[in-house]
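Some structures are shown below for you to check.
Look for chain A in each of the two complexes below; its partner is chain B in the first and chain C in the second.
Let's turn to the complex of A and B:
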């Protein structure tokens, strides 16, 4: 366990806590960007360069920007008067703590049987491309279809429809 | 503590933080942020198991993570589109006030 791992993990977890706890929604989105960057660095630590840069491109480049757009379009940056947490926050916190307890207990209990290969995997981008075009070509095509459907669907859902009574008002 | 255990603990912590955010925040966008945190924690698990697993040259975990990133991006786009449309319709993104299915 290197010092870099502890440093990046601490930054990621602190960013996650900030994203969940801060009052101002724009600050939450910026903290979320810190988490995405920290996870990309953890991917690089794990010798998964391609996944790390895909994480930076997709999450920091697209999803974080999309979240900020949505916050600004919904005027979500105004802090509500009656608090940012829901009425049932205690139950939600208890569920999350219970889930973490189960995960942590399971991981720590199974430490000895988990695999621990030490050799650095030698993976080039060419190998990833060959795998995407060979063994994983069907999932790749399905993801392409899914992204197209999601793009069209998101545009149609968020499209501002002109109210139909406009024509009636013109007729009057 | 082996390296894999450390990564799994970080992922479990991030997942729980995301779950807590999704369950306790009132703003719909913050709930989506919590869901994104959970998806990212799962991706970290996939990459960590790929790195320390027996056959990293088969690229299975890495491919799973890449497809998961693509699906999460699609989910975020549609989810935020829905939030914008709900805000236009109900003039709020407060989930405690959205308590009826009738429009």
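Let's turn to the complex of A and C:
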């Protein structure tokens, strides 16, 4: 547990709290991005280069943008007058605490179950690539197929349907 | 002598660091490299702005800046002092914190990209295993700063500009990545240092640069198109189209924050040109085997500045695209061609040495290019332009 770990954790936790507590939805989305960045830094601190860079590329580069677009393009993005906090916050708190307790318990128990590892495993990006293309090629292909299907489905839902009698090219 | 000149910056760094205690040396070395990057590229930015204004002036039959100093060469200094001393206006309804953070995030993210570019033999700040992935990950996060700038200004033009910019950057990021994947397939490495080393060989006097293969040439052209769009340069400069959106996402910025956006844009140009040179043009390697005595960093910066000149040239030549043309071009032409190029690179790899792979790979790409162009054009109906909303 180094100084860097505590610094990154503090940033991530602060970002997470801000994402929950801020009133403006776009601010919440930006705070969530800080959490993503903190997670990526944690991965990098553990020498997991691929996971860290993929986290930045996918979550900050794509998911965060998607979230802010979704907020801006849907109705009700304006902050309501009577506050943004739900009336059933007590139940939400209980569920969140239960989930946190399960995770915490699992993490604490894992030390006893797993054999104590002294050396940090050296996993390079090349090894991950070889594993994905060799042993795990079928799951990879299935995921690729699923994502392609989702993409085509999204395009079909968003497609502008052409009027029957109009000959001209309809702008997208 | 030429070896000393080649490594002169590395030697200077070692000489300076040697004055410090041993424990501080690694940290001091890194700080020195960072300081060099942070000072060299903004200096190059000042020079490029002058070059662009003079060059554009020449292309448009006018003189360009000529008042400050001989031939106007001190114009960048005057511009810098002006933007430093200007009042920094933040709109009343703007979101203060986000408005302040946006240019900072942009410049920091762009500077991070330089960390992995090999700018000469042994001249790379961090040589990580997955430096190409790092570069694209950092490049993807600049989109967020553009959005932050546009949204926090609370201005229609800013928000529209930001939306256009983000949509464009996301669309063209896919071909940018996919055209580089072909290089990764051929070298078997994500490390930019290793990608340059693979290209730094010569047959006779000619180098083994990837641009001198069919898939490499097509990949480079597609990369250049995507890079132009990624940096919002003309003809893809819709996000800041003056005639439509004032200045796009940085309409509401003034003073030094505006200068930071300007700096970020040019730095992104430098870094994406540097990556293009590294991937396709052999990085710091010399174009002919008898020119290897010229220091490696001269070649790297020469290639970057040549790309910058092409950027300026295109800006002076081509008109701006329309939004739907931009999107259609990205998704219906550039992206399929990058996919075909990827297949082509695989075929090239497995056909082995010989003239046969040149014929087969070139034919596939030529057919794909002509066929897709023809199909795309046959769907278009040329005629009087129809206005849906403006009539």
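To be clear about the criterion, the second predicted complex is superposed on the first by the 132 of 172 C-alpha atoms of A that agree within 3 Å, B and C clash if a C-alpha of one lies under 4 Å from a C-alpha of the other, contacts with A are read in each partner's own complex, and residues count from 1 in each chain.
Rule of thumb we're sticking to: contacts are C-beta pairs under 8 Å (C-beta built on N, C-alpha and C of every residue); 3 or more make two chains touch, one makes a residue touch a chain.
A quick note: this is a predicted structure, and the numbers were derived from the prediction, not measured.
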item: Overlay on chain A: chain C relative to chain B, clash or fit; value: fit
item: Contacts of A:127 with chain B and chain C, given as first, second, both or neither; value: first
item: Which superposed partner A:50 touches (first chain B, second chain C, both, neither); value: both
item: Residues of chain A touched, compared between chain B and chain C (which is higher); value: B
item: Contacts of A:61 with chain B and chain C, given as first, second, both or neither; value: second
item: Distance of closest approach, chain C and chain B, by C-alpha atoms in Å; value: 14
item: Those residues of chain A which chain B touches in one complex and chain C touches in the other; value: 50, 54, 62, 69
item: Of chain A, residues touching chain B in the complex; value: 1, 5, 9, 12-13, 16-17, 19-20, 25, 28-29, 32, 35-36, 39, 42-43, 46-48, 50-51, 54-55, 58-59, 62-63, 66-67, 69-71, 73-76, 80, 83-89, 91-93, 95-97, 99-100, 103-104, 107-108, 111, 114-117, 121-123, 127-128, 131-132, 136, 139, 143, 146-147, 149-151, 153-155, 157-158, 160
item: Chain A partner contacts - residues on chain B that touch it in the complex; value: 1-10, 12-27, 29-30, 32-34, 36-37, 40, 43-44, 47-54, 56-57, 59, 62-63, 65-67, 69-78, 80-85, 87-88, 93-96
item: Residues on chain A engaged by chain C in the complex (per definition of touch); value: 24, 26-27, 30, 33, 49-50, 53-54, 56-57, 60-62, 64-65, 68-69, 72, 124-126, 168-169, 171-172
item: Chain A partner contacts - residues on chain C that touch it in the complex; value: 95, 98, 128-130, 133-134, 136-141, 143-144, 147-148, 151, 159, 163, 166, 170, 173, 188-190, 324, 327-328, 380-381, 386, 388
